[in-house]
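As written, the chains take the letters A, B, C and D, and residue 1 is the first residue of each chain.
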């Protein structure tokens, strides 16, 4: 599903970038999985393994000054938006050089410099933050847009309705991206949600598309079409991406609630590799990429490990500013 | 010195802040075309247009969260929540998002927003339209809490709140909106975090904020007639509050009374008492007495509400009590 | 629009009951208007003059053990549900004999004995209270249903979405009644709401009807059809009633925001009187009813005035119970 | 005496209450099939079926409001909010509806509901999954607030909370769930509003609740080695709290320390201090010292969180401080 309007060379370069990003997110999370199991990463971590194509696909249509608000499952969003690997790992390893200086951890990775307004521990909260960010973009006539990522479980929160309504009324430049992985923590999402997003969007006059969330090109294409309209001032749009959560809700989740025979979606990496194969990019090229990314990830982890631990005293200065009025 | 109404001073602060800084916007329910339920934002729509004066739907949770997101993206939103009782619907945005962003993102993500809201009774507005909930916010690291007592500090503190890089909960008293008071000819900015000593005295310190300051002053006047010299401190900012000024006064008087309209139990007065019972213990010559609302929702009936709210008499009784003159 | 399946005598009796109820609500509120203007009623009062047919029509399909959750504009709901006039006026006049002992006032009139779970000062809050009440009805297999009244401005609150979703999922016996008077306080409701309720309901799988909210028979008929299904376990339904708010948002509202030429809906009393005329009920009969109701209202006001004022001390015992555990 | 885990004691209380009273239901996110995020409701679905053990969508505002409505219509809902931080989304239902109904409806409309929720840190769960917000609720007339320190009172207090005719916020500590402690062979109900004196002493009174009680006891043990006799009081119920027991202890010791995990500023300790600085002033022989969290969101990094949370050392320091032994 190569995009139209780009020439063959561009297309290939773009595909390769997608693949590299997908693999970067995958490798980072696989390493986190191990670091967590070995006790080096504390707290709750929610991996997006299996869902990477949504982050990578949507982000391919954004610039650094577009903003995103993310969720508890935010690593993919953060990395695809451009958060540096070292700051990312340093955060999860609770270092002072972490993007949040070790104060936030997995659920709060943020990098304002690339428009990543934060992962979020509160389901649904990102919806209103992104809506507000879109308001700022609109008033400043910056041409930027805001994107809110949220899961299919989050659809039950009232903020979906309030923000959908406000964004539609005010024609805000916001893209709502639902990552429909079929699970809301330990419960099937469809037992918690009585509506489908196509009908829901229609009721609010919100442009809607559905994409295969495991196919980075499908996501990128749908996102691009919607984002084009959003940027043009046509108001909010909603992109629903079906996907699968490969791991537990969080690392350490024994998943007793999960049927053995649950059908997993296709591997976003394999889907992307197949596209590349069609363009003549072979195994060898992919292994080179893989080796490079592995090295980058290991370097980032090594740098994070070598960094000083998070600092307690510095936190007090960031509770709030004591200005002279 | 001129005379200005408390509400007009707040309007003026909004107008001046918007005129000076194009990133300041105001948003809320019926604040544009209608000028706000208490008329505070009247005229702003004509002056600054609908892009900066935004009438929102009745979606408190969303608009509070939007203020956070807008503040992260370069605006300085001033959000009006029509009655303080409705902040119940905005707690997540304020407490889990706005308050924590700067810290939790490692010093990125300043959230320069102000939430303006009126608290307090006196209108027979009943249990869901009269509450004083400032203690909740003062307990949350990351939020500043401000509560002006008159037009001059309403203006000066709101200007500081809007200029502040962090989220500020700015609490007005609906009973004060129509009250006039003296203001300097050139309205001035008042820094956050500083108390004002409104009356000097050496026998008892009375600490207060908001509409209750008038009760403290009246009680001080009454005690003066009896020869008891009372110092009255207006906190102005509740979080961070001015421990230095209160402690210095206590060191002088040895007696402390705290007055506010909010429920006494677990209220703002508890913290001031607790700090002084620790760092000021050596100065204490009598019990610290709080005057606040009893442990009861705000009743509707006018007579009940009048008994419910703190009064000059109750402040006087408290002063006598700490002096052992009951 | 006489109902089917009832014989002519029943129909007439029912119409007369509707008329009497409409007139009772109207007269009570007109008197309140004066009592307020004269300073005898304190606080904020929101009158439902012009909207009475919704309360009366819906309530005609309910029993005492069905429950309703109301709004800030709740007088009509309370009276039509069966709150005694004396307790009602005593409350607004802040007497100890008021339904809430003078502690709640207009925005909180409640009478649990007739299933009136309270007017409410918080826009939208009644939605969740009614949803919970419906849950209780369902679990207790009582055959009862719950009704939530709310305005067209309240549609912007997230609880509409959360409760609509939960009620649809759990097939709760609840009727949602939107009183669409075109205003959300001082703003036209359509500038605050981006969706229409027909599409919205459809998205959630909620049965929907629209009725002329100034025509008591139209409301009663639509309510009855929906309530029948709701009682039968078919899940939530939504009734949208178009109407007009004749007075200001609250008494004392100067309504400067309101266009002079706004078209008011028909008078629910006149609509009902026309039906009665068709059945041969003449002016004289109606004046008799009117005189009786006036007398009842005056008697209730006189009794309220004569009652002892609200009591301060008794309130402490009702903050919470200090039980022996 | 048997040994039981804190989490198991809570499960047992739920099971017993549901078995005894068919109007008791439990509801919350993932509490049915999955047995709750901390496993507390495990097994209830099999025992009592999906009508009484209700898995809800992620709609905290709605389910809290539903609990209110269900309680008004004859059920006794026990609602689980997965982390106390998420009560931000339930404040309206709790504060404006549940808390006020009995009073505001003139004594009609009892709202017999319980909101169970875990607070506290220790899991590196970060700023939005570790807060202790009990002071908010204690400030609201109409709500009872309970916080058990161990399995025996977790069981006994939860039974009382469920039996209570009014809304109760029942706060558990996630760090305690897996901890074992002694319980009587026959589990007993413990009335709300009563403190428990866990250790007798005559030099200093230490008041605490929840997980911090263990710190108080450890500090008391340590001080005993130094010959300082410390009395330890477990409040058990925070609203209404047992003023009588605390005052009597203070009358004996003259020194008061209060320990909790919540932020110290404007926290529960402030109220206890404030009451004692008033009605107990005559007994005070030293400053009242609070030990709580600093004014900072709960940090993620394990080492930071460990420094942030109150410790035995800090309690010991506080005891020394009030005795003037710094």
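Following the convention adopted for this analysis, a contact is a pair of C-beta atoms (placed from the backbone, for glycine too) under 8 Å apart; a residue touches a chain by one contact, two chains touch by 3 or more.
Owing to the predicted nature of the structure, the values given are computational and were not obtained by experimental measurement.
**Student:** As a test of understanding: of all chains, whose mean C-alpha position lies farthest from that of subunit C?
**Tutor:** It is A.
**Student:** When I count C-beta pairs in contact, which pair ends up with more: C-D or B-C?
**Tutor:** Output for the comparison: C-D.
**Student:** Quick check: how many Å separate the C-alpha centres of subunit B and subunit D?
**Tutor:** Their C-alpha centroids are separated by 30 Å.
**Student:** So, what's the distance in Å between the C-alpha centres of subunit D and subunit C?
**Tutor:** Averaging C-alpha atoms per chain gives centres 40 Å apart.
**Student:** With chain centres defined as C-alpha means, what is the inter-centre distance between subunit B and subunit C in Å?
**Tutor:** 37
**Student:** Report, in whole Å, the distance between the mean C-alpha point of subunit A and the mean C-alpha point of subunit C.
**Tutor:** Those two chain centres are 46 Å apart.
**Student:** Please set out, as single numbers or ranges, the residues of subunit B touching at least two other chains.
**Tutor:** Residues 56-57, 59, 61-62, 85-86, 88-89, 92, 96, 103-104, 126-128, 141-142, 295-297, 299.
**Student:** Touching at least two other chains at once: which residues of subunit A meet that condition?
**Tutor:** Counting only residues that touch two or more other chains, subunit A contributes 100, 102-104, 108, 120-122, 156-159, 162, 165-166, 169, 191-193, 315, 319.
**Student:** Mind listing the subunit B positions that touch subunit A in their complex?
**Tutor:** My answer: residues 25, 51-52, 54, 56-57, 59, 61-75, 77, 92-93, 96-97, 101-110, 141-144, 160, 163-166, 189-193, 240.
**Student:** Sort out for me which residues of subunit A touch subunit C in the complex.
**Tutor:** Those residues of subunit A that touch subunit C are 155-162, 164-166, 168-169, 191-196, 199-200, 202-205.
**Student:** For a test of understanding, state which residues of subunit D touch subunit B in their complex under the given definition.
**Tutor:** Spelled out, the residues of subunit D in touch with subunit B are 61, 85-89, 91-92, 95-96, 99-100, 103-104, 126-128, 133, 135-136, 138-142, 239, 262-263, 265-271, 273-274, 276-279, 281-282, 284, 286-290, 295-297, 299.
**Student:** If we count contacts the way the header does, which residues on subunit C are in touch with subunit D in the complex?
**Tutor:** 67, 69, 91, 98-104, 108, 110-113, 117-118, 120-122, 125, 127-137, 139-140, 146, 158-159, 162-163, 165-166, 169-170, 315, 317-325
**Student:** Going by the contact rule set out above, which residues of subunit D touch subunit A in the complex?
**Tutor:** 29-30, 33-34, 37, 55-59, 61-62, 85-86, 88-89, 123-129, 294-297, 299-304, 307-308
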